[in-house]
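Supplied in structure tokens, the structure appears directly below.
We call the chains A, B and C, going by the order they appear; numbering starts again at 1 in every chain.
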Amino acid sequence: MVDLIRIELYKIFKKWRTYIGFIALGILVPLIHIAMLIEGKTTIDFMTRNIQESFVLVGNLLNTYLISYIILTSLAVHIPFLITLVSGDLLAGEATSGTYRLLITRPISRTKLILVKFIAGFIYTNLLILWLAFLSLVLGYFIFGSGELLIIDGQMVIIFESNDVLWRFLLAYGFATLGMTTVSSLAFLFSSLVENAIGPIISTMAIIIVFIILSAIQVDFFQNLKPYLFTTHIMSWRLFFEQPLDINEILKSGFILLGHILFFFFLTLTLFNKKDILT
Amino acid sequence: MLLLILFFLFIDLKAQTIDPNQLVRDVIERFSQVRDYEADIEIKVDVEFLKVPDSKAKLYFKQPDRVKLKSDGFALLPKDGVDFSPSSIIKGNYTAIFERKEELNGIETSVIKVVPINESTNIILSTVWIDNKNKIIRKVESTTKTQGTYTIELFYDENSKYPLPKQMIFSFNVDKLNLPQTFTNTTPKSSKKKFRDGPVVGKVYVNYKNYQVNKNLSDKIFEDDTK
Amino acid sequence: MIAENKVIEVKNLTKKFNNLVAVDELNLTVFKGDIFGFLGPNGAGKSTTIRMLLTLIKPDSGTIKIFGKDLLKDRLSILRNVGSIVEKPDFYGYLTAYKNLEILGKISGIDVSKKLIMKNLELVGLAERYNSKVKTFSHGMKQRLGIAQALLHDPELIILDEPTTGLDPMGMKEIRDLIIYLSKDLKKTIFLSSHLLNEVEMVANRMIIINKGRAQVEGYVKELLNKNKLFVSIEVEDGQIAFNIIKDSRWIDSMRNHINNTFEFNVEANEIPYLNKFLVENDIMVNSIIPKRSLEEYFLKITQEANNGRFNKN
């Protein structure tokens, strides 16, 4: 099993498309850092404008934490795209290249094959988020240093002590991984149905974008729908930046995402086990 | 009998004839002993919409009205509570009216209304509780044009040589903040988390420690660094 | 032949795609040591059958037994002993020939040593290119690599689907020699599909011809391709009655096919009058005895029909 996962990862990392995600983040995050070097002060002033009317503020609010938070918020729509590039290709890529025939005629069960590929996709997702975390937090630390984290939560301003932030980020990245694994499993499901990776990538992104648009429409009907859309819960990593921590809400979102992942996985498994390989 | 009544009336009148302007001048005079100071402060913020950790900072003051807040980490002070010097509280041209005497936390104080004459100041009216004996301000309540009403209560170490407080409680009424919607937290439940409309009460507690008075602070400290 | 010697046993195998019947009640048996020619024109259902033999496609009905075991129940243990090329030889183009074999060997669950991989690459003449990415390979090289991967785990049964397609005559000969070597020297059982009769004739000992998803003739190549024997199609008034009579006679041995009222026999030319006489004497009304052909001519005919059909469609 471990051997098979290693093979799958080897295949993933021998493909050029795999590096698109890492390169994209490797460019985007430093770009945001540069933008923040130039415009960061304005951003902070904008965020704290109302507080500054009544209060005198001192301290380094433009720090790696704030920027990492902003990055994680802003890239919420883009990272799924990078994830689907690989996840959408996991099975469809074998169809495109005709290598299903090599795999499925081997003494390996389809279930195992799906499991191995799913785990490999999960590892890729983890690595991409880890890379994001590294670029945001570590690279950001060397540019902007550490400090208190300023969050605007609804109508509340929260400032976290600098030694109260790192664990929140680690958990948030963990949760983001769960969210991205949901995206990955959806792309994986679509990937099992078709013979070309383009379809799964576009379908998954379409669903995510439609869900995000629906959640943004300020009509009661759509707002009531919001808790049932998995995209809403992908953003629940933000719950770790609340005071006090709403454990129930975090667990709820976590279980909803986990439920989606399991559902997508087992649906993929069922469909794939019945699938006639014609490519 | 009538004479006696007149006598007491006279006594009473005499007691009431406190010159508010003189009293304010006395307070400012006493504070002028402090040419500069440096203090370690601890700030605790208790505001519904502002969740801020307790912070430590250094506060620098130099006559007449220069103040600087410095901190390794993050610190925040209400603008109107940074400088508690009497000359800062009672700025510019004003009319002072003696209101009454009042016992405040067991200390006898004169309550004086201060109305700025200068149109440019943000303060419409301040009520100042002055400790007659020690010539220090114990409490200030100001109504401003834009920031609502705030109260500063000052507590002193009674043995202190200088008229510098050991604690300040800054209370204020403000409308809820109008926060920018970018980078805000919109978790599934954040829509539920709305505050009631209308003004909210906030308090900021500041403790002052390790005063170092009249050490000839360098002007450089007060220069605006971008930090 | 005794049952243990049956390597592949297909019974009543049927597969439909929507309304198209790709494989229709197919029966075939491959014995140990056979080079079994699986012959049919393009679109006859060869690939669908092979895909079913390799579990790429699930049959609608019928059974497949390989090594005496039910394919769907004992899939893993069966596939451990089956090597195959299905249609065109596709690989992970972005990986080297060596890496492709290493990965496929590991998935098969065997110990893939460098020695083993190189031995197989040498066998197909690709040892020098072991470190080249497969996307740089010509079709012929991929075809040979396909054979290498089919042999990698030393299977008993090797299923080759049109292994000479797209090769030049030299390449075709190399593959034929290799197949004979595998059979004679390594004692492998080989299931070889082809649309070329002469190719099957050159290497196979037994064969089946399928057309439109149905078996047409099955038997020993030498016997079927005997030039003295003719392939005749006889149409009778009532196929069922006729069949009941034929099945109890010596003619059943030379009957190759029976669909409704049409029978196909593979008989020596001088026997045809006796066959006719037998039918008539048994009160079977014979409508026609359609042109006598050798199997070769017959195969040519169905191939042409298939091709014409294809051209007409386009």
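A few notes on this one:
One rule holds for everything that comes next: contacts are C-beta pairs under 8 Å (C-beta built on N, C-alpha and C of every residue); 3 or more make two chains touch, one makes a residue touch a chain.
The model shown is predicted, which means the values in this text are computed figures rather than measured ones.
Take away chain A in thought and the touching chains that remain sort into B | C. Chain closest to the overall centre, judged by the mean of its C-alpha atoms against the mean of all protein C-alpha atoms: A. Chain centres here are C-alpha means, and the one lying farthest from chain B is C. Centre-to-centre spacing of chain A and chain B amounts to 49 Å, using the average Cα coordinate of each chain.
Taking each chain's centre as the mean of its C-alpha atoms, chain B lies 98 Å from chain C. Shared interface positions of chain C, i.e. residues touching 2 or more other chains, are not present.
The residues of chain A lying in touch with chain C in their complex are 3-4, 7, 10-11, 14-16, 97-109, 274, 276-278. Against chain A, the residues of chain B that register as touching in their complex are 48-53, 55, 57, 69-79, 82, 146-147, 172, 174, 176-180, 182-191, 193-195, 226-227.
Residue ranges on chain C touching chain A, taken from their complex, read 51, 54-58, 75-80, 82, 84, 86-88, 90-95, 99, 103-104, 106-109, 149. Residue ranges of chain A in contact with chain B, taken from their complex: 41, 46-47, 49-51, 53-61, 69-70, 73, 147-148, 151-162, 164, 223, 226-227, 232-233, 235-236, 238-239, 241-243, 246, 249, 253.
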